[in-house]
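Below, chain A partners chain B and then partners chain C, in two separate complexes.
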Partner chain A sequence: MTASLLWKRVWRHKVFYLFMLPGIVWFFIFSYVPLFGIQVAFRDYTFSGGFTGSPWAGLKYFQQFFDFYKSEEIIRNTIIISFLKLAIGFPMPILLAILLNEVGSLKFKKTVQTLSYLPYFVSWIVVVTLMQRLLTPFGGPLNEALSLFGLEPIQFLYNPSWFYQVIVGSDIWKNIGWNSIIYMAAIAGIDQQLYEAAKIDGAGRFRQIWHVTLPGVRNIAIILFILSIGSLMSAGYEQLLLLSGPPTASIGSVLDVHVITSGIGEGRLSYAAAVGLFQSVIGLILILTVNRIARKVSDVSLF
Partner chain B sequence: MKRHLSIFTLLNYLILALVGFSMVYPFIYILAYSLNDGKDSMMGALYFLPRQWTLENYAQVFEDARIWQAYKITLLRTVLGTFLHVALSTLMAYALSKKSLPGRSFFSFYIFLPTIFSAGFIPFFITLQKLHLINTFWVYVIPMLFSFMHIVIIRTFLQGIPEELEESAHIDGYGDFQIFIRIILPLSGPVLATISLFIGVAHWNDWFTGAYYVSDKDLKPVQTLLQEMLTQAEAFSSSQQRAAQQGGQTIGSSVSGSTPESLRMALLVITVFPILCVYPFLQRYFVKGVMIGSVKG
Partner chain C sequence: MRKIYVKGASVLLAASLFSGALAGCSNNEEPAETNGEGGTSGQKEVTLKVLHNWNGSTGSEVDMTPVEQVIKEKTGVTVEWEYTTGSEVEKVNAIFATQDLPDIYTGPAWGGELDGIVKAAKEDQLVDFSDKLADYPNLAKSIAKENVPPALYEKAIDAYGGKKYLLLQNQPATDEDGTDWLYGFYVRKDIAEAVGIDPQSVHTKDEFYNFLKKIKDANLQAAGQPVIPLGGFSNGWAVGIANTMFYGGAGYVDKGDGTLENSFFAKGYDDYTLYYRKLLSEGLLDAEAFTQTDPIAKEKITQGRVAVLAAHYPAILDASKEYVKAHPGSDYIPVGPLERAGAEPDRPVDLGIQGNNVTAITKACKDVDAALRLLDFLASDEGFMLVRYGVQGVHWDMVDGKPTAKKEYFDKFAADTSGKLIARKNEGLEIGFNSMTGMDRINSVGGGDIWLDQERIAAMDNARKILRPNGIKVVTAYNPGDVIVKSEQWEMLKPSMDKTGDAWKEAVYAKSDEAALKILNELREQIKKTGYDEAMKFTNDNLKGKEAVTMQMPN
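Let's turn to the complex of A and B:
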């Protein structure tokens, strides 16, 4: 009885299952098959053997990675770069949103907002080409402006002493506007009466920001922070593939790029899959840990 | 107190004006560079406006058959990829927005699960290999057909459409597919525009697929071409540096004409221009899309 009722309901929705069919197949092929294929990290992958037919290799490729004399350096670089991006880059969109919120002129606010989204919409290729042009010591506008102040031209790109500044700075430049959208929305959702009440209590502008605006963005900031901790083991492959070269390799080689160059570049697929799996597992552990801490300390968590 | 406030306001406007300027200045500069005589640009001191106006750089870029071919690939993948992505995602999102659909939560979880733990590059790459997508045009389109986040954004939007509309259409004898085409789609303009922008930009900007999954020169999109030029320019710059250190003269004998750099800037402008024309007009919509995406995701 219930089975036939369920069947009737399913049959009535047959068109909707048809609507979902391409998606179900696609997610199976492009998400679940690769998940199943993680096992190549434990096998000696050959093209003819594929995911399941290649001989088992145990932990050989994990061993190979940890024995690699640069593995410690690569892990350290990844964490340092991600950490710097997080520590400096994470508060920036919040700051931008707060500053924008304090602006009276709607037209000015709108203009700055629109301009700030611009870098998000161009590719890293475009960003790096722009940087090459603007920062070059050979007639680049920034170095020319610096020379007006009597400073020597600086080689900014592919220079170890400017590497972190360039990486973190370009990351902020590209994403600050886009990432501020969500904070702008959170601030717009704050009850205006709270500001009125704060004013009556004699709070100036800074104290209003501190006691009303910041608590208003707190929850969303915590959630986004947990999410970014989860990607602490990936430093951003597009940016680092393009902005790190041989001169900066000792501080700029990171896990993501190592996976791509050793796997797709050199064809060491099992080895690269093992490095990638190590990266994913650490990421998962990090996100679960931070989520747990956040739930204990602040009652806000992802799951 | 009053005075203190106005200093803050002034400072705030100043900081934000600087932020806005820093976002747009690089684009103004490359526009000026691309419209200036290439050899002349090498002398520097170019800031906002071209000194020796010329369209020569653009003329040369458009003469290059390789660039036409790359532009064709970019356009084709963007148009086809965006259309298919939006159409198929909307179909799926519409089905998932039906509260009465048996198995709805199962299918929602089915598409959510891979976002928690992804397999990583290599298993994905092997999958592409096994599907014989490597080094074909379809490697640009098929792996980007769906995205969990986009489906969620569309579904959330569709759930806001009153069910009575569909019920009355049912009574009028419309089938499910007709309702989708005649009732749901015409009401979904804002969300479809948002998703089209998101996925369109992703297609337009993707250089990685062209660089790592495609070796056929005729299949490279513009962004990959730019990436190849980037690598060349790096080599060029270091040879220039060496020459400068040796006190050598690097500027060619003639005083005007295009340089690889000025051509590159012209190509950059052509690549960025379409996006700059579109995104400001969709701002109202995508802001909403981002909010749904980050709240639900």
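Let's turn to the complex of A and C:
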């Protein structure tokens, strides 16, 4: 399609393209304009100099990060936590969507859907406060229940032995419903004739899921997986800030929290920008790599 | 036709979404200044936004309190408060990084908060008022060289080539004005009796450990839960204050050869860390002490679940008021006095009472003269009395030359057992002005705290007698921490030094003593790598012949 043809088509459907405008403006303002600030990572940021007037510092702050004695530990923790979230958390919304698809009662289905979406809209600070109340060994309902079975109370929060379970579990609980929406939509788009054909071929419920539903969500799952890989260097700022403390520092200190504490907490804005940029560059490399692999292996890719 | 309607509706919807997105990015703040003539002196009325950067501070529930009304009449200034909830260091860095500046900033005169505001001053983010000081004698007095501790003066007040950006507040005007907050460990009287130990017989580290152990072994219950032997307030405040049993308590110690080193490198610091690790691993220290929020900490106290509390006494008295009222005889009383590392038995308690607050006018201030007028009035004796006691004739009267609380308000304030001081705040007391009243003159100009009830006065006096048997000595020497920041290595060193508190907490939770020491030693290595030795040499050279602070109790 030539450029003039394309523009003609755009003009013909201008009203529909107009709907895209708020989104484009949003991305431009909040995702592209801030790119201008990346230069802070290469400058000695001062309040008076700002983004453009502060003196250049080269790679000084990247060097500082790699010289920091905890940098390896922080990177390792970030990757481990992100990987666990991805490995355990990624299939969960698919599973929920498939289960909900199999539910016969529409009322039950809608109720479960709504209940599973709700936690997504609750902020982490509220979730963590709830967790503190529910999981405390000092009279928390869960530990009270354990004591009914003669079990000793367990310190679930800020305990290295329970840290990963708490982090991954709470992340799944909070996001499973919201993340399942896209899979629900993909399942809804599967041609019903495929199920009927499968039934005629003698497929039971599990066979139908295996041969019809899963291939139906495969492409969208690959796309979302590629995008998730891009977040491997980002383990979640609010959740980790609130759910990691001194007892779990050796396994719970992550890049996102390090960026915030060094930037806002210690006033080292250039250093924080450098660490943040490092995170983003690695994320971009990962996306490009996985995208290429996905294209070769499955013909599905982002671009 | 239908198509046109659909098209029209679509355009309208898209346009409204677009304008909504733009509106979200716009600044709708209305100018606060008005042009009316106000105040008895006919000054222009102006509303100034003041950031009170003290975590957890709160204001009144009314629009204009009687104290604020008087301030408005005297200065023409109405204050619009902003309070900090969260880290004060983060707040000071955030306002300058985002340029979301108040007219006046007021906040802590120490640590990262002070570093942040000094940095802002050096980068022209604050108003230089050096050429106006002559018109504001109360402000000039509050930052006169003789009224500010020497190292702090060099670091924060007179550090800008003759320019003046910061005001210091609450440093004692005379010896009788210093506030001793009586930091210490306090035990519930009924619990001490239940385990049969006289809290005043506890002096050494071992005795303190045995005391906590005995409380644990007694298997006491409160609100259906086991009683926690030792606890504190939010995020570990102030359970770590037993450090003075292991080293001088100041940030720097004498190595024994006349030179100084950071106390993080002292042998006593290892012992201190391992002692707390032992308390934690044996269940004597609340496992949630360093991670709990303020409401959860206070809930434990109001449910009677904490035997020994570490903090300053007023905080403990406030937090336990409700429980004590319902359970007479359960007051918190002092433990000790505990031994102090390196201190002779007859040594007075060394307290750093050097002013706890700095105030600055930011470059965004809409009326610098009005801001200076307000601050000068607050720093005057009249302003000081107004802010501490309320409106004369309304809240208090001068009786025999002494400010005396009116019974009506005394009873009203005493009846408020919530610990939130709402009754006082609604009159304009404790809402933030008290941070900005120049030097502390509570005894030399005022008549002490007239709002304290007899019970509290008796409790504080009793605690003072026990914990300060040799009295107090206000620290006046140089603080090495204020000197090391001038070394050229400081920029590299600071990020590592900032981690000492985190490393200590992490070490306390370590699986073994070896693991705990490894955590400390790894950070020590990092600190050394970032120029510690050179910076300490600079500090020691600069302090040669000067007295440096190596002994200090929390205050």
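The rule we apply is simple: the second predicted complex is superposed on the first by the 270 of 303 C-alpha atoms of A that agree within 3 Å, B and C clash if a C-alpha of one lies under 4 Å from a C-alpha of the other, contacts with A are read in each partner's own complex, and residues count from 1 in each chain.
Definition applied: contacts are C-beta pairs under 8 Å (C-beta built on N, C-alpha and C of every residue); 3 or more make two chains touch, one makes a residue touch a chain.
Predicted, not measured: the structure shown is a model, and the values here were computed from it.
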Examine A:56 and indicate which partner it touches, taking first as chain B and second as chain C; both and neither are also allowed.
-> neither
Which partner, chain B or chain C, touches the larger number of chain A residues?
-> B
May I ask you to decide whether A:249 touches chain B, chain C, both, or neither, giving the answer as first, second, both or neither?
-> second
Once the shared chain is lined up, is A:266 touching chain B (first), chain C (second), both, or neither of them?
-> second
Touch check for A:132: first (chain B), second (chain C), both, or neither?
-> both
Return first, second, both or neither, reflecting whether A:48 touches chain B, chain C, both chains, or no partner chain.
-> second
Touching A:26, do we find chain B (first), chain C (second), both, or neither?
-> both
Which partner does A:69 contact after superposing on A: first (chain B), second (chain C), both, neither?
-> second
A:149 contacts which: chain B (first), chain C (second), both, neither?
-> neither
Note: overlapping chain A surface for chain B and chain C spans 15-16, 19, 22, 26, 29, 47, 129, 132, 136-139, 158, 245, 263-264, 269
Residue ranges of chain B touching chain A (in the complex, touch as defined) | 1, 4-5, 8-9, 12-13, 15-17, 19-20, 22-24, 26-27, 29-30, 33, 41-47, 88-89, 91-92, 94-96, 98, 100-103, 107, 110-111, 113-114, 116-127, 129-131, 143, 145-146, 151, 175-177, 180, 201, 204-208, 212, 223, 226-227, 229-230, 233-234, 237, 240-241, 244, 261, 264-265, 268, 271-272, 275-276, 279-280, 283, 287, 290-291, 294
Which positions of chain A touch chain B when the two form their complex?
-> 6, 9-10, 13, 15-17, 19-20, 22-24, 26-27, 29-38, 40-41, 45, 47, 50-51, 96, 99-100, 102-104, 108, 111-119, 121-126, 128-130, 132-134, 136-141, 144, 158, 173, 176-178, 181-182, 184-185, 204-206, 220, 223-224, 238, 242, 245, 259-260, 263-264, 269, 272-273, 276-277, 279-280, 284
What does chain C use to touch chain A in their complex?
-> 7, 10-11, 13-15, 17-18, 20-22, 25, 87, 89-90, 92-94, 96-97, 112, 115-116, 119-120, 123-125, 223-226, 287-288, 290-291, 293, 296, 300, 305, 492, 494-495, 498, 502, 505-506, 508-509, 522-523, 525-526, 529
Sites on chain A touched by chain C in the complex | 15-16, 18-19, 21-22, 25-26, 29, 46-49, 64, 67-69, 129, 132, 136-139, 155, 157-158, 245-247, 249-250, 262-269, 271
